[in-house]
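Naming follows writing order (A, B, C, D and E), and every chain is counted from residue 1.
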Amino acid sequence: MPKSNTILYLDGVSVSFDGFRAINNLSLVLDKGEMRAIIGPNGAGKTTMMDIVTGKTRPDAGEVYFDGQVDLTKHDEAEIAMMGIGRKFQKPTVFESHTIEDNLMLALKGPRSIFPALFHRRSAAEARQIDDILGIIRLGDKRDELAANLSHGQKQWLEIGMLLAQDPKLLLVDEPVAGMTDAETEETARLLRDIARDHSVIVVEHDMHFVRELGVKVTCLHEGSVLSEGSLDFVSADERVVEVYLGR
Amino acid sequence: ADDTIKVGILHSLSGTMAISETTLKDAMLMLIEEQNAKGGLLGKKLEAVVVDPASNWPLFAEKARELVSKDNVAAVFGCWTSVSRKSVLPVFSELDNILFYPVQYEGEESERNVFYTGAAPNQQAIPAVDYLMSEDGGSVKRWVLEGTDYVYPRTTNKILEAYLKAKGVAAEDIMVNYTPFGFSDWQTEVAAIKKFGSAGKKTAVVSTVNGDANVPFYKELGNQGIKAEDIPVMAFSVGEEELAGLDTAPLVGHLAAWNYFQSIDTPENAKFIADWHKFIKNDKRTTNDPMEAHYVGFNMWVKAVEKAGTTDPDKVIDAVVGVSVPNLTGGYSTMMPNHHITKPVLIGEIQADGQFETVSQTSGLVMGDEWSDYLADSKDLISDWRAPLSCGNFNVATGKCGGKGTN
Amino acid sequence: MITGRFFAAGADRRIAITIFILLAIAIIVPLLNLAVSPTSAFYVPSYVVALTGKYLCYALLALALDLVWGYCGILSLGHGAFFALGGYAMGMYLMRQIGSRGVYGNPLLPDFMVFLNYGELPWFWYGFDQFWFAAIMVLAVPGLLAFVFGWFAFRSRVTGVYLSIITQAMTYALLLAFFRNDMGFGGNNGLTDFKDILGYNVQADATRSALFAASAVTLALAVFVTWAIVGSKYGKLLMAVRDAESRTRFLGWRAENVKLFAFTVSAVMAGIAGALYVPQVGIINPGEFEPSNSIEVVVWAAVGGRGTIVGPIIGALVVNAGKSWFTGVLPAFWLFALGGLFVAVTLFLPKGIVGMWDSWRGNARALRAASITNPINGEAGTDPAVPPPPKIVRSAARTPGDWSASGPEPQPAE
Amino acid sequence: MLEVSNATLHYGAAQALRGVSLKAGAGKITCVLGRNGVGKTSLMRSIVGHHRLTSGSVAFEGKALDRSAAYDRARSGIAFVPQGREIFPLLTVRENLESGFAPLKRADRNIPGHVFELFPVLKQMLARRGGDLSGGQQQQLAIGRALVMRPKLLVLDEPTEGIQPSIIKDIGRAIRYLRDQADIAVLLVEQYLDFCRELADEVNIMDRGLIVHSGPAEDLDRADVRKFLTV
Amino acid sequence: MILTRAIGLTLLLLLGMLSPSNAAEADLRAIIAKFATASNFSATEAVVRELAATGDTAVERPLGALAEGDLYVRKADSLVFIGKAAGGSVELLDPLSGEKSGDAAKSEITKIKVNNTLRRAVRDALGTLTLGAKDPAARIAAADTMFKTPDATNIEPLDAAIASETVASVKALLEQARAASVLVSDRPEADKLAAVALIGGRGDRNALSLLTAVEANSEGAVKDAATAAIANINSTLALWDAGQNIWYGISLGSVLLLAAIGLAITFGVMGVINMAHGEMVMLGAYTTFVVQEVIRNSFPGLFDWSLVIALPLAFSVAALVGLVIERGVIRFLYGRPLETLLATWGVSLILQQAVRTIFGPTNQEVGNPSWMSGSFYIGQLAVTWNRLWILVFALGVFAVLLYVMKRTPWGLQMRAVTANRRMAASMGIRTPWVDALTFALGSGIAGIAGVALSQIDNVSPNLGRGYIIDSFMVVVFGGVGNLWGTLVGAFSLGIVNKFLEPYAGAVLGKIVVLVLIILFIQKRPRGLFALKGRSVEA
């Protein structure tokens, strides 16, 4: 099997909820260092696919491998996260009663067990990293505010920041620019392209401008399996994609 | 102030035990009021200090301490459950004050600072079983010992088992069963009793079921049609107060063993009941055995204080022993050196009006036996708080105070 | 290192003050009780020493509960069980110390075993004649129970009310079990009649003062430890787990271990509280397992201020002092007063006594801060139409969703 | 039809709205634009009654709403599609739609046909729990639910967020249809400029708690206006 | 001697049945007069026997009165009367004719004491006398007593009764009674074997107890037959026992269901950790008490209707109190579910103490109406009426509630409001109304549960505390927010509990149930009928 050079390898994955097939014999391969955009109609199974990869949902059938050898179906969320898969959720979820800064601190890469956390003291390197991220997500002036007091878009940014802090090998980004202005959208695309230089990334988005700006290979899902795959132009020229997704 | 003598009343007015104890508080208030009407004590007025230990055992200890060291009471009347008594015991011995405990209990205790005016097991359980074994009682051959799972029923049943076996009852003719506090679903237990009772031998139930669990127990007995003529139930903690919450018509004939019934026909009792109704302003309120115990205990204390000429607990403790006061059943109860009192034992049958009718009565007064003769380790113990012995657990076999001694 | 932080600039002053007060009364109260003549105005009666000593144990219990409830969102309705187990461990030691001074004079068996015809000492009573062993058990038994219980529950991701109810089931089951005479713990009457502790008479004023001091010092220590825990990165994690448990998992934290640690530490603290409590009240019995007792602990913490360190202590002291006082002066009506207090606190002090105090002060501080750093207001300075100083509708938000009438999706419970 | 004047709103000490005035007329689509965190959602929530204004007023059809509760506002004809969807997760899709019956007369208690025309998925999923739907489906449900109420004013907070392009187009068509057919007022918060430009009759641009520009949709192409929307 | 007298008695009895002319009334009076001098129970018993031996049905009246404890002796003249308390004094009736013959103060008369042994003696005596009664129920009762107290002398009267009996079911009973008597007589073995077979066919516990005695006292073929019959009965009874346990479990389940169902609304649906739930149940029970008190004092004839009258009242009282609590306290706490625990705890203390102050701390008497008393048999399965009604009632309440929640707009609004109050308001739902009414509904249902529970438990201020833990246990075990979960949870806990009880005992059984709940929650962390879906798992 050519799993060896892949960062993520899904084959024949299916999952159903109360008889409803959300993912249907899905196969998808992501190479190391690749960035991929995933589009597809609402309810196509994009988020569910991420749930499977991150261990939130167990597939009924199929193989899910990370880094060519790790069978992800055998691990739980925390383990998968520790291996280096980070995720931004579709609905931004942050720690509302912590400050922006603490949110980032908890996400920072590092040991994940109790006693180190108990005796942890912030190092200068960590402080610098947090400052950098705060700069990137432009929340520096709000660093001591509680995350609960952020607007929707600001929470989106914070979550991206947490993902950066985590510094995973593979990033799963679910609708990062929903609720962002066009300018911010561009900014985000630039950021993701930056990240993609030394990380593998999967981005789910409905915003075609954004996808175009990413300039990467696109996969279109429909009813739980791949409908079309290729460059954006190729995919958007596909009649079926126009039919179920883009509309006329 | 110095012109009054304070008397502590330590009964739960809230929580699970309020149901039983509140009445005793009222009874004490009445007794104190009457004493004051008679001119008080040693020329001073009595003043009741009421606190609410809220059915919480550590709170009992705290409140006892408050009564004795903050309010400087001369004596305390209180407690219902044994555990509440156990929790205040150290307080009374440390601060050297007096507690009058008015409820029947499992025995196996005798403290210098406590006076037990309720029944010891031999003043209730044994005569009750004797009655059931007699011809009048139905010559019972098979026994169900039904109890709430805690110390009083366990100990009482232990004593009874030993007693029954000594009387030649076979082990398979005794069924012992325990239920939790506040138990309310008695279907299985009552059915088991029915089953046990259908072995062709006359069967009776001896119930040490406590408190709240009784009402559902009797309701179930009634509904499953267990009649007193067939399987009588003899209870040790069901009195007039408990029956007030029940329709007793289906229960007529079931039994209880006490040292007092409201139905006792004596002038003292008639007056007591009348006073009570006047005090509580309700003709329907019943009187019961622990109330009588307080009546007796309070009068003993009054008499002892008069005898000692002071309320100093030390003096009063010595003076109480031997004091004899009229009880409400037409006789005199005496405080014995073991700090238990002499009592008549009455067996009553439940009547349709919620009262008991006495069907049997011990011929004389029975002296409370704190150390049961039916338990191996306590049969050699006696208690005598008079000088020079002044010991609560004198071992007659070894001749030493302090249980077995160290041999 | 932790101590370093304690004395470091910016350490929470209130915590320091609390610890200081506790240490101070640990010295002063016994002195005023023992060394001052009873007629003096400064004399502290033994009654007060015993009473406040008891309150301090309750405060420790409330603090222990708050560590899991306030900071980690685990509403344990079974903390009384850990308290009682610690108490029983201590009670067993005290029981063994009676030796042959029991009423039956049996050198080995406690009285209740004698009259219930025990032939020999049950195995689980062995070792309790040694203080060190009992002391270890005080920590180990509640800790182990919490660990095992928590390990299963947290791993199975039992949360919210489900967790609360099974903790309640736990304490209820223990209650019934300890009521059983056959368990060998004295049934309903429990363990009592203690004579001495470490060779000193438990009823002596000096012993009592020493126990009081021990309670105060232990509480101070617990305050410090709690403060150190919640101030650490782990503490932040604890709160993160409280607010968004699954999110912490996706960051790679094992939420179950995070909770388990706090739960176990808290249970051990509760056990210690129980162990200090027993020699001071002189009895331990199954009543302590009563589910309503555990609920009361929750109430103390809530009254004082959940999610603060000083709050539960204040809550425990206020409620218990209130209870002691009311049951004396208003024996027939005190439940109205206490019940009314609880309702009033929820309505008028929604974040408890300390939480409310914080809000007032936090508010003042936030107002000051807002005028300098808030971008909206900052900009406003250049705006000719400077808005009037904001009218404060409610105090500063410290917890999420506090501003809106309700969170978008109220959970049945946390 | 809707008139907001001089609205201010505080979150504790922080001020989110600083004297906003806004009008939305019947038969018109009024758009509100602005960067993240400038107060758009705060304004919408104040209009529908989720937040109480610190000062200023909201009037609908000439009646002041300041003292009326959210449900009274809904009953007077204001329907709201919130940011974040807020559908009732445990109710089925049908029940979610039926929850809009509350302000209606008994005779009107049916789901208008155009809801299913617009969002055919909803018809297929009537029996499923709302919370199980995908994000975009939930958004469609939220809009559908608002339409069931037959509103006179429809307040939409970023309705296109997370929705697939073809349905965005449908939503656009639907909004226009509603404006034209039922002559209702539409108040629309958007980040998605193209969508806005296509639909809007009026645009208002917010920045830091203030409306900094309002005018016809064409203004959106002016550089001085766009500057408010860049980073 | 006894035998001859007994034969004489039978003859007399037969005579009595044949001719309306009674044994000389004076003779009876003479015997009755002996009650006055009987100094102890056994002496009284002897008089009872003597009276019964006359075989005169006229003795039913005095004997019945004796058993009821209504027979008195006038101190002045040692005459025996039936006494009926009338106000402060006692109305005296003639013991034979029942005619009024004066009044007496309580102190002027003494009651003839009875005890269980005496009552049994009277019952046995009356049993024989009422064999020929007109009322079939009385004949059945007579047959029953005679079955339980077999006596060889009964055979002949029974034979006569069997011969004249027309009702088949009564006849069967009479034959069984006769067989029982045959077994203790000196009839030939063949008769006895037939009797054993007949009794063995009865298959119930009474038969078992009779046969056990026979087995012990006889030998040869009869003993063997008895042994076989016993084994036979035992094996069928074992089956019935299992059925009985299930029934006990179901009926315990129905009690749990009733107690929990209101909580399934206030807690399960609304998310209020309602510690005052038990007190709502208590209020319902006290309402029943008050209703019965009024009925007892003013409309005694309506007693059987008391529960029917109490139901709507209990619902209203509890619902009203619930409404006040919601408007006064809870409504400020939405979105802060934990605070509701604190506040409702306070409310529960206040309510408890209020009831204690108003009604006193002791138990209040709530009686069972006649249609809820006693029991009946289905095969060997004893079913008590009150339990049966409670089951029916619990299921009824459940059905109504389910309908309201799932099929009415109100139910929909309720669920919408509790899911997201703010958004529900924006859908035009009057949230304060819905909140208040929902809480009132939950409380009201708790109130009517109180009506039912007053039939089997204490009516005291502590009533509620006894049920609150179980109720939470049931709701949570079944799965919060799911009414079906509450139903199934209640019944499964009930049945498991009742199956454990006979083996483990009540205490250990309860502990085991609790441990099982803890373990079960590990398997299904959201209860039996967990709410499912993304929103829950997130």
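Definition applied: a residue touches a chain if its C-beta (ideal position, glycine included) is under 8 Å from a C-beta of that chain, and two chains touch if they have at least 3 such contacts.
This one's a predicted model, so the numbers in the text were calculated from it and none came from an experiment.
Peer 1: By CA centroids, point me to the most central chain in this structure.
Peer 2: Closest to the centre of all protein C-alpha atoms: chain C.
Peer 1: Would you identify the chain whose Cα-based centre sits farthest away from the centre of chain A?
Peer 2: It is B.
Peer 1: Distance from the CA centroid of chain C to that of chain E, rounded to the nearest Å?
Peer 2: Chain C and chain E have C-alpha centres separated by 46 Å.
Peer 1: Could you grab the centroid distance between chain D and chain E? Build each centroid from C-alpha atoms only and quote it in angstrom.
Peer 2: Centres of chain D and chain E (C-alpha means) sit 62 Å apart.
Peer 1: Mind checking the centre-to-centre distance between chain A and chain D? Centres are C-alpha means, answer in whole Å.
Peer 2: 29
Peer 1: Which chain A residues touch at least two other chains?
Peer 2: Chain A, residues with two or more chain partners: 56, 149.
Peer 1: If a residue has to touch 2 or more other chains to count, which residues of chain E qualify?
Peer 2: 352-353, 419-420, 422-423, 465, 481, 507, 510, 532, 535, in rising order.
Peer 1: Mind pulling the chain D residues that touch 2 or more other chains?
Peer 2: Chain D, residues with two or more chain partners: 11, 14, 50, 84, 86, 89, 132.
Peer 1: Over in the complex, which chain B residues touch chain C? Could you list them?
Peer 2: Result: residues 13-14, 50-54, 56-59, 61-63, 65-66, 69-70, 81-83, 86-87, 89-91, 94, 108-110, 149-152, 154-155, 158, 178, 180-181, 375-378, 381, 392-393, 395, 400, 402-406 of chain B touch chain C.
Peer 1: Applying the document's contact rule, which stretches of chain E touch chain B when the two form their complex?
Peer 2: Interface residues on the chain E side: 40-42, 68-69, 111, 113, 115-117, 119-120, 123, 205-206, 208-210, 212-213, 216, 244-245, 248, 251-252, 255, 352-353, 356, 360-365, 367-368, 373-375, 382, 384-387, 455-462, 465-466, 497-498, 501-502, 505-507, 510.
Peer 1: Provide the residue numbers of chain C that touch chain A in the complex, in ascending order.
Peer 2: Those residues of chain C that touch chain A are 1-2, 229, 232-234, 236-237, 239-240, 242-244, 246-255, 257-258, 261, 373, 375, 397-402.
Peer 1: Within their complex, state which residues of chain E touch chain C.
Peer 2: The touching residues are 267-268, 271, 273, 275, 329, 332-343, 345-350, 352-354, 357, 418-423, 465, 469, 472-473, 476-477, 480-481, 507-508, 510-511, 514-515, 517-518, 521-523, 525-527, 535, 538.
Peer 1: Within the complex, which stretch of chain A touches chain C?
Peer 2: 54, 56, 76-78, 81-82, 86-87, 89, 93-98, 102, 105-107, 112-114, 117-121, 141, 146-149, 162, 166
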